[in-house]
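So that you can tell them apart, the chains are marked A, B, C, D, E and F in the order they are listed, and the count of residues begins at 1 in each.
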Amino acid sequence: MVSAVELKLLTIVAERVLEERLIRDLRSLGARGYTKTEVTGEGSRGVRASEWEGKNVKIEAIVSPEVADRMFERLAEAYFPHFAVIAYVIPVHVVRGDKYI
Amino acid sequence: MDALGALTGNLLSPIVLAFALGMLATLLRSPIGFPEELYRALSIYLLLAIGLKGGVELRHASLAQLWAPALATVLLGLITPVSAYGILRRLGRFDRINAAAIAAHYGSVSAVTFIAAQSFGRSLGVPEEGFMPTLVALLEVPAIVVALLLVRMRTPGAASWSEALHEVLTGPSVFLLLGGVGVGYLAGPERFAAVAPFFVSGFQGALVLFLLELGMVAARRLRDLRRVGPFLIGFGVLVPMLHGALGVLLGSWAGLSVGGSAVLGAMVASASYIAAPAAVRIALPEANPTYYLTASLGITFPFNLTLGIPLYFWLAHLIGG
Amino acid sequence: MDALGALTGNLLSPIVLAFALGMLATLLRSPIGFPEELYRALSIYLLLAIGLKGGVELRHASLAQLWAPALATVLLGLITPVSAYGILRRLGRFDRINAAAIAAHYGSVSAVTFIAAQSFGRSLGVPEEGFMPTLVALLEVPAIVVALLLVRMRTPGAASWSEALHEVLTGPSVFLLLGGVGVGYLAGPERFAAVAPFFVSGFQGALVLFLLELGMVAARRLRDLRRVGPFLIGFGVLVPMLHGALGVLLGSWAGLSVGGSAVLGAMVASASYIAAPAAVRIALPEANPTYYLTASLGITFPFNLTLGIPLYFWLAHLIGG
Amino acid sequence: MVSAVELKLLTIVAERVLEERLIRDLRSLGARGYTKTEVTGEGSRGVRASEWEGKNVKIEAIVSPEVADRMFERLAEAYFPHFAVIAYVIPVHVVRGDKYI
Amino acid sequence: MVSAVELKLLTIVAERVLEERLIRDLRSLGARGYTKTEVTGEGSRGVRASEWEGKNVKIEAIVSPEVADRMFERLAEAYFPHFAVIAYVIPVHVVRGDKYI
Amino acid sequence: MDALGALTGNLLSPIVLAFALGMLATLLRSPIGFPEELYRALSIYLLLAIGLKGGVELRHASLAQLWAPALATVLLGLITPVSAYGILRRLGRFDRINAAAIAAHYGSVSAVTFIAAQSFGRSLGVPEEGFMPTLVALLEVPAIVVALLLVRMRTPGAASWSEALHEVLTGPSVFLLLGGVGVGYLAGPERFAAVAPFFVSGFQGALVLFLLELGMVAARRLRDLRRVGPFLIGFGVLVPMLHGALGVLLGSWAGLSVGGSAVLGAMVASASYIAAPAAVRIALPEANPTYYLTASLGITFPFNLTLGIPLYFWLAHLIGG
């Protein structure tokens, strides 16, 4: 069987205006890559600046548990107070997972 | 000028009717499925088209004609955010941050309002000066800077200030307008002729499609009318009239034609809903978007589109006609 | 009328050829990557454009001219779903639900078939009346209601019936057609002139792009031909001819010109593949989409586009010419 | 470390015609938000009405286990018999998860 | 409660040029369906042919553990050496999961 | 011919300026948000439009006029990948696989370069033959086959060879070009007239939008300039000049007009960045895309667009004028 490493899949859904900043943060905290999807959604908070542009972004990154934790902290301190953001983590088995750590 | 006739003429223009149709679509929950990509494609097209035409016509303008209107525009970009801010703080009792956020929008300019005013003037046979698109770009930036400064003088340390500035300066509206002006200016009328069918003949029709979608978006904002309160609703109608009158006046002093000062009035009266929201969201994340988006897009834009623009033309006619 | 010449002329028209090219693309598995957003943008444009033009021309129509064709249209919208249902039940031995689902499609109308018929008539120099787009909207709804009623009389309690109705009434085709008619009517010919280059000159070309994509979609449906069986294939060719003849006849009685009754025939002959599928999917989820989509999009649409439309014009010519 | 609550990520992929209804159901059964992505796909069932429009929707919602269960039941009774739908649940760790319950 | 079977959610993110081939492989190795999303992303490898087209594809398939393993092996041998691909597996609970095995 | 004037004229044409503006947008990190779907829509439109026009004009061409240029084109499609491969192996010391990958690109053709050359010629009053779009399709395929054969003769077993061929033959550029030619040919000038406003008048303007985006993409490739090394940069400028001269020469021998041989020169000089990358990625996955994409899109395309095209016209003028 192919070796599969257990890592974390960190998913962030956020208003589009944050896209660049979130990716910069992810990289600086140790993520080696990410995948981005254009999504829409509704949540607890009301309008957001990007609402009339119609879209949020979903950013998914395979990271080590430490990077996931660091990003959680960054989100809690820099984004949660004022922005429409949601984030969660799922344990995943990754093929050739060593290249993402 | 037959003010009433002009007003009816405006209300029955395809672009105003398309805007109303869009609002209706949202109210009836009609699933038209206007693709967001079409909306973005149309904005790129419209901004580039007015830039190009402006650039071609800029060749006919001398610096002597240009400097006074340009100065007036920059002045208006510095004054109007302050007046909006003052009104919001004093009369509206808004906190510093939300007042600055709204002021940034009302000091800046909505390119679509500019286009609508331009179309209206031409349908009346009162065209504006060819260099106006350059003034749109000039008017877009200062207000946002001033508004952010108003907060910043007291609240140091907002890390993302420079990001906000970069956002406005390189944002689609300033970039495509100025870029279009540059391309049009360099290419000149002869080389422009080959692309004119696409950018000139198609323009009004593309605007109809665009306003159909904008109507849908604006109607969604109407749902928040109750949440913003009566003060902001009044603000969204009266401040444009105040700023519009100021724009017409200064435009006329600066030597603009009747059409030119009316269009400048509409520009000054308008509230940004592309450049400003993006910049404000970054620089003042604590401000509540419901306030500034509902006011600029739900109240002021429809007001200017329907009643405001004919009003500024009527004013310009009184002053300069 | 030179029937053979007209037929060749139709088969060699850019829109029919584009449709064939689209089919070829699917058969060769050519990865053209036609963006779905472009497809949606083109349908919005086409529906709005025919609405606008129809609205502008509606001003020239008096109620006296209008009522008889309108009545004929509504009648046809009530009769054709019943005739289709009867044939499917009696001859085709379809169960109640699938019969009703297919009948809803054949009673309603395909806007693109209407447009193609219109273009064909103009290329022949046999234009139809300017108010026809209004009739398209009128024809779209009743059949779907009738077909759903046919099932409902026996199967009570389908919770989503009202949703299906809302879907048809506010769906893109009825809304944009009627909305366009309203805007065009209110704006009138002079104000419409500014947007005409976009909505009129560009129309035929946009239709070519649209039919390229529709050809790809239709060819995908062909893969299911075997699954729907020979009866439905025959149905998809013969019932349009029956309905088309009926449409031409009633149109001619109602006082429509040769072009008008031929176009009405094509409308009645056509099977919906936008409004009806969405409504039927909601109201009759047990019905098998393979049947109604393959029949309407894979068989009837190509038949009408190539052979049907010239046939209805030939009939109209015989009756009224 | 930032507190992360364990919740369920409920994912539904369905033909587009169901979008509004599914979201209404989710809300009525207790979901506080959702994220929507336009997707395409193939499955066991044949054509669907929206097929020629080319797309399905994927709806993802962070919910409590009870809401996930209720939605599963709703799906099984109201959608599975006649529509092209698939649904699954994944346990996730959510930042500030308390706001989604 | 509705019966939910435990299966694997296999996710593959790859440059667009691979789309058809990956789907063919998935089917031939036993997947009964898939869901596809257009995404963008950055990773460890540099440019790719599809980069200037701007997008990757994300293919998600609910499969049995055996199918997931077989696809992992196929990916490791046929795609990883030369293409920009990432793949991971998550255990999920699927409504009416028996139809995917 | 006033070479300098023509060069300036080219540099100031709206399409070249739009390309430069796009590059600027990337350099300033301006978030214009050009939708990918718009880009795809524009390519479909442009390819179909040149095909259609070419097809309509193909009716005026006799086989006697056609065979020599067609033969010259196929010859050039066979020779140029070999010459590129040789240079890359001998002088550039590239390994077999990367040399073949790059050679496939330089032997094939960029449709946009063709369009730009065509526009330039018309602006000079030196139009090319109407059947040229057919030659573009002819030139697109052989080079890719030859280049893949160059590797294959030594490296057996690449399973996906047939897939790569299918990719090129049914890929959007060959399919839409040839499909457009077929539709235009069958429809003929009269039936084409109805769609001409869309496909002909709008063409130059749509090209401006397209090149705006292409400029953004090309500028992103510039970031990799350092990684490809000075040899490939020189290659990207000198080989087009070599191939372009060859194209002009053979075109002139084959009896093409000055405009025709200049456009053929530009075609031969150009490097594919749509068909070839997709095929090469499939057939030669070990080749490094940084090399072939940066060379063709970051170096050769901008070179041809700005300096190359005027150069080939000047050459054609010298030889045939």
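Operating definition for what follows: a contact is a pair of C-beta atoms (placed from the backbone, for glycine too) under 8 Å apart; a residue touches a chain by one contact, two chains touch by 3 or more.
What you see is a predicted model; the values in this text were computed from it and never measured.
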Legend entry - Same-site or different-site touching of chain C by its copy chain F, using the half cut: different
Inset, instruction - Considering only mean CA positions as chain centres, point out the chain farthest from chain D. - result: F
Legend entry - Per Cα centroids, the chain farthest from chain C: A
Legend entry - Magnitude of the superposing rotation for chain A and chain D (Cα, nearest 5°): 120
Legend entry - E-F compared against B-F, more contacting pairs: B-F
Inset, instruction - Could you give the separation in Å between the centres of chain D and chain E, each centre being the mean of its C-alpha atoms? - result: 20
Legend entry - Where chain A and chain C are represented by their mean Cα positions, the distance between them in whole Å: 47
Legend entry - Centre-to-centre distance between chain D and chain C (centres being mean Cα positions), rounded to whole Å: 35
Legend entry - chain B and chain C, separation of their C-alpha mean positions in angstrom: 41
Inset, instruction - List, in ascending order, every residue of chain B touching at least 2 other chains. - result: 35-37, 41, 197, 201-202
Inset, instruction - Would you pick out the residues of chain D that each touch at least 2 other chains? - result: 37, 90
Legend entry - Chain contact graph, described as a line, ring, star, complete graph or other shape: other
Inset, instruction - Go through the chains and record each pair that touches. - result: A-B, A-D, A-E, B-C, B-F, C-D, C-F, D-E, E-F
Legend entry - Residue ranges of chain E in contact with chain A within the complex: 13, 37-44, 56, 58, 69, 72-73, 75-76, 80, 86-90
Inset, instruction - Could you pull out which chain E residues touch chain D in their complex? - result: 1-2, 4, 7, 9, 32-37, 62, 90-97, 99-100
Legend entry - Residues of chain B defined as touching chain F within the complex: 35-37, 40-41, 44-45, 48, 52, 166-167, 170-172, 175-176, 179, 182-183, 186-188, 191-192, 194-199, 201-202
Legend entry - chain F residues touching chain E - in the complex, by the definition given at the top: 36, 39, 160, 163, 217, 220-221, 224, 227, 273, 277-278, 280-282, 285-286, 288-290, 293-294, 297
Legend entry - Contacting residues of chain E [partner chain F, same complex]: 15, 17, 21, 46-55, 81-83
